[in-house]
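Mind having a look at this structure? Questions to follow.
Note that the chains are named A, B, C and D in the order they appear, and that numbering of residues resets to 1 at the start of each chain.
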Amino acid sequence: MKYGILIVSHSPKIAAGVKDLISQAAPDLSITTAGGTDEDKIGSSLEKIQQAVDDNTGDEILAFYDLGSSKMNLEMLLEMTDKKIHKYDVALVEGAYTAATLAEVETPLKDIESNLKPLKIK
Amino acid sequence: MKYGILIVSHSPKIAAGVKDLISQAAPDLSITTAGGTDEDKIGSSLEKIQQAVDDNTGDEILAFYDLGSSKMNLEMLLEMTDKKIHKYDVALVEGAYTAATLAEVETPLKDIESNLKPLKIK
Amino acid sequence: MKIELADAKKWIESFVKKLEDEKSTLNELDTAIGDGDHGTNMDRGAKAVTDSFDKKEPGNLADLYKATAFAMIQKVGGASGPLYGTAFLDMSKAVKEDNLELADLIQTGTDGIKRRGESDTGMKTMIDVWQPISEALKNDKFNQQVIDDALNSTKDMVATKGRASYLEEKSKGHLDPGAQSSAYLFESLLEVIGG
Amino acid sequence: MKIELADAKKWIESFVKKLEDEKSTLNELDTAIGDGDHGTNMDRGAKAVTDSFDKKEPGNLADLYKATAFAMIQKVGGASGPLYGTAFLDMSKAVKEDNLELADLIQTGTDGIKRRGESDTGMKTMIDVWQPISEALKNDKFNQQVIDDALNSTKDMVATKGRASYLEEKSKGHLDPGAQSSAYLFESLLEVIGG
């Protein structure tokens, strides 16, 4: 099972930066991002999330978000998609880094999740 | 007492993005960032942290970081500076957002800190 | 009572107009306890609704609410996007077979917001306008006073959902921006059904 | 025994050379359990040390260790920067008045790393090389075997500090990159003092 990583942030820069950071430790994973609004302003875009999910080549997707509307848009997408997506209510940067590091070395989902548990803050 | 916010991240984009995000909710605060290495690669730079501290006009500074070397460089800086800096071992994006929102409306430090406590993950 | 296609369209068009006119009011309310963009967000949604109606005249109630939902979902960019979007999407689904009593329609929208926002009344959000309005409609007591009271009730609440919740006690003393935009929605409704 | 300026400079210069030669070895070790940059980081630090010595020949032990520390702190860019940096800075401070016994010098550096990293032996880090070497020096038993054993001891450890700690059990079976670069440091020392 190959997991993909999905990053949803209010900021296009945060989303891209988290990808840069975790790619270093997890070069083999599919990591896709949805940052900011359609016009790359601070906010969120269901269309960008949809695109990031479509572009992700993971068998299942581990999804991370920052605040309010990123979460709600991600949840709308979850109701619309057939892909298997796991959403985590954890610290965005630290959670995505933890999950990516473990997914890179093919850690089973249950172990990834037990490592994410202490990062739950939402 | 006006608090400033300092963001230290391994990624120049994360640092800039967090500033964009929290500036929206806290337009009156001094928010300075140190992202990446001297060459804007993923990593950290004591010099950039020094500069961000120098540029910050807050009376006291609330500092947030992502991983390992950001923390250690921040701590080296703490040993070198005369400024009063409070370092928080909390989720970077979510912690900085929480602190900035509260600092913007001149919340006392002890209340800011009690709101940061549940975000402690490091 | 029920609202039919022509009136429902007038309702949404009047809402759109108010959102455009009151963009800066909404931004100001959101500046006090949020990130200052609720007016800009809703104005973007409003323009997208107009564009959508211009492009394709909704032929029935379900289409009208669905087009409104999609415009909000796609263009608002803030939390209010998925919230209004879910409300109108659920309303669209509910009227697909048969039109609903207005009270039930608004309760359906309210329940959509609660589900999407994982929230309820008393949290200083738009729900604090939607829920009292649907009660009032149920009891045939819907009028401007009900809207004003609902909106004003948010003033002294401490926010526990949305960005304002980060402010805790300091969120007191300000109207909730989403409650204000929802008040516009129901003022538009009142105009159309006559109050 | 103590190490004096000329030998200490040879020591650091030999270390610098090994870091440049073994850049890809260190990167590979870090790719397995970290982010793959330890070689690149240390190589940057190494070049900065050379530049610093070229620019200003250190006139005493304190200056030599301080210049090494500053180069590492300023140019490495990874966790190893503040760690080696603190070790050498503390060593510089310690020799300011009087030179130290080598065993005490290395223990001072080790303690600096522990303080900066909030870490200790058994966490699969460079400390697992530094600490056994300072013990060996204390007992007059410093040799290549001690270095090899210290380095290899990290292989079966589970990391609890640094990036490798994110891997938990999966960090087993790999040498720690920082332990390897520290092994180079002490191999250089051994060359200089003769082992």
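As a working rule, contacts are C-beta pairs under 8 Å (C-beta built on N, C-alpha and C of every residue); 3 or more make two chains touch, one makes a residue touch a chain.
Please read all numbers here as calculations on a predicted model, not as lab measurements.
Q: Which pair wins on C-beta contacts, B-C or B-D?
A: Output for the comparison: B-D.
Q: Please report how many Å separate the Cα centroid of chain A from that of chain B, as a whole number.
A: Their C-alpha centroids are separated by 23 Å.
Q: Return the distance between the CA-based centres of chain C and chain D, expressed in whole Å.
A: Measuring from centre to centre gives 62 Å for this pair.
Q: Cα centroid separation between chain B and chain C, in whole Å?
A: Here the centre of chain C sits 37 Å away from the centre of chain B.
Q: How many angstrom lie between the CA centroids of chain B and chain D, rounded to a whole number?
A: 30
Q: Mark out which residues of chain C touch at least two other chains, giving numbers and ranges.
A: 35, 37, 163
Q: For chain B, jot down the residues that touch at least 2 other chains.
A: 24, 42, 67, 97
Q: Take each protein chain as a node, join two nodes whenever their chains touch, and name the resulting shape: line, ring, star, complete or other.
A: other
Q: All pairs of touching chains?
A: A-B, A-C, A-D, B-C, B-D
Q: For the complex, which residues does chain A have touching chain C?
A: That would be residues 37-38, 41-47, 67-69, 72-73, 75-76 of chain A.
Q: If we count contacts the way the header does, which residues on chain D are in touch with chain A in the complex?
A: 34-37, 163, 166-168, 170
Q: Sort out for me which residues of chain C touch chain A in the complex.
A: 35, 37, 41, 73-75, 77-79, 81-83, 85-86, 116-117, 162-163
Q: Sort out for me which residues of chain A touch chain D in the complex.
A: Residues 24-25, 27, 97-98, 101-102, 105, 107, 111, 115.
Q: Could you list, by residue number, the parts of chain B that touch chain A in their complex?
A: 9-18, 20-21, 24, 35, 42, 66-67, 91-94, 97, 118-119, 121-122
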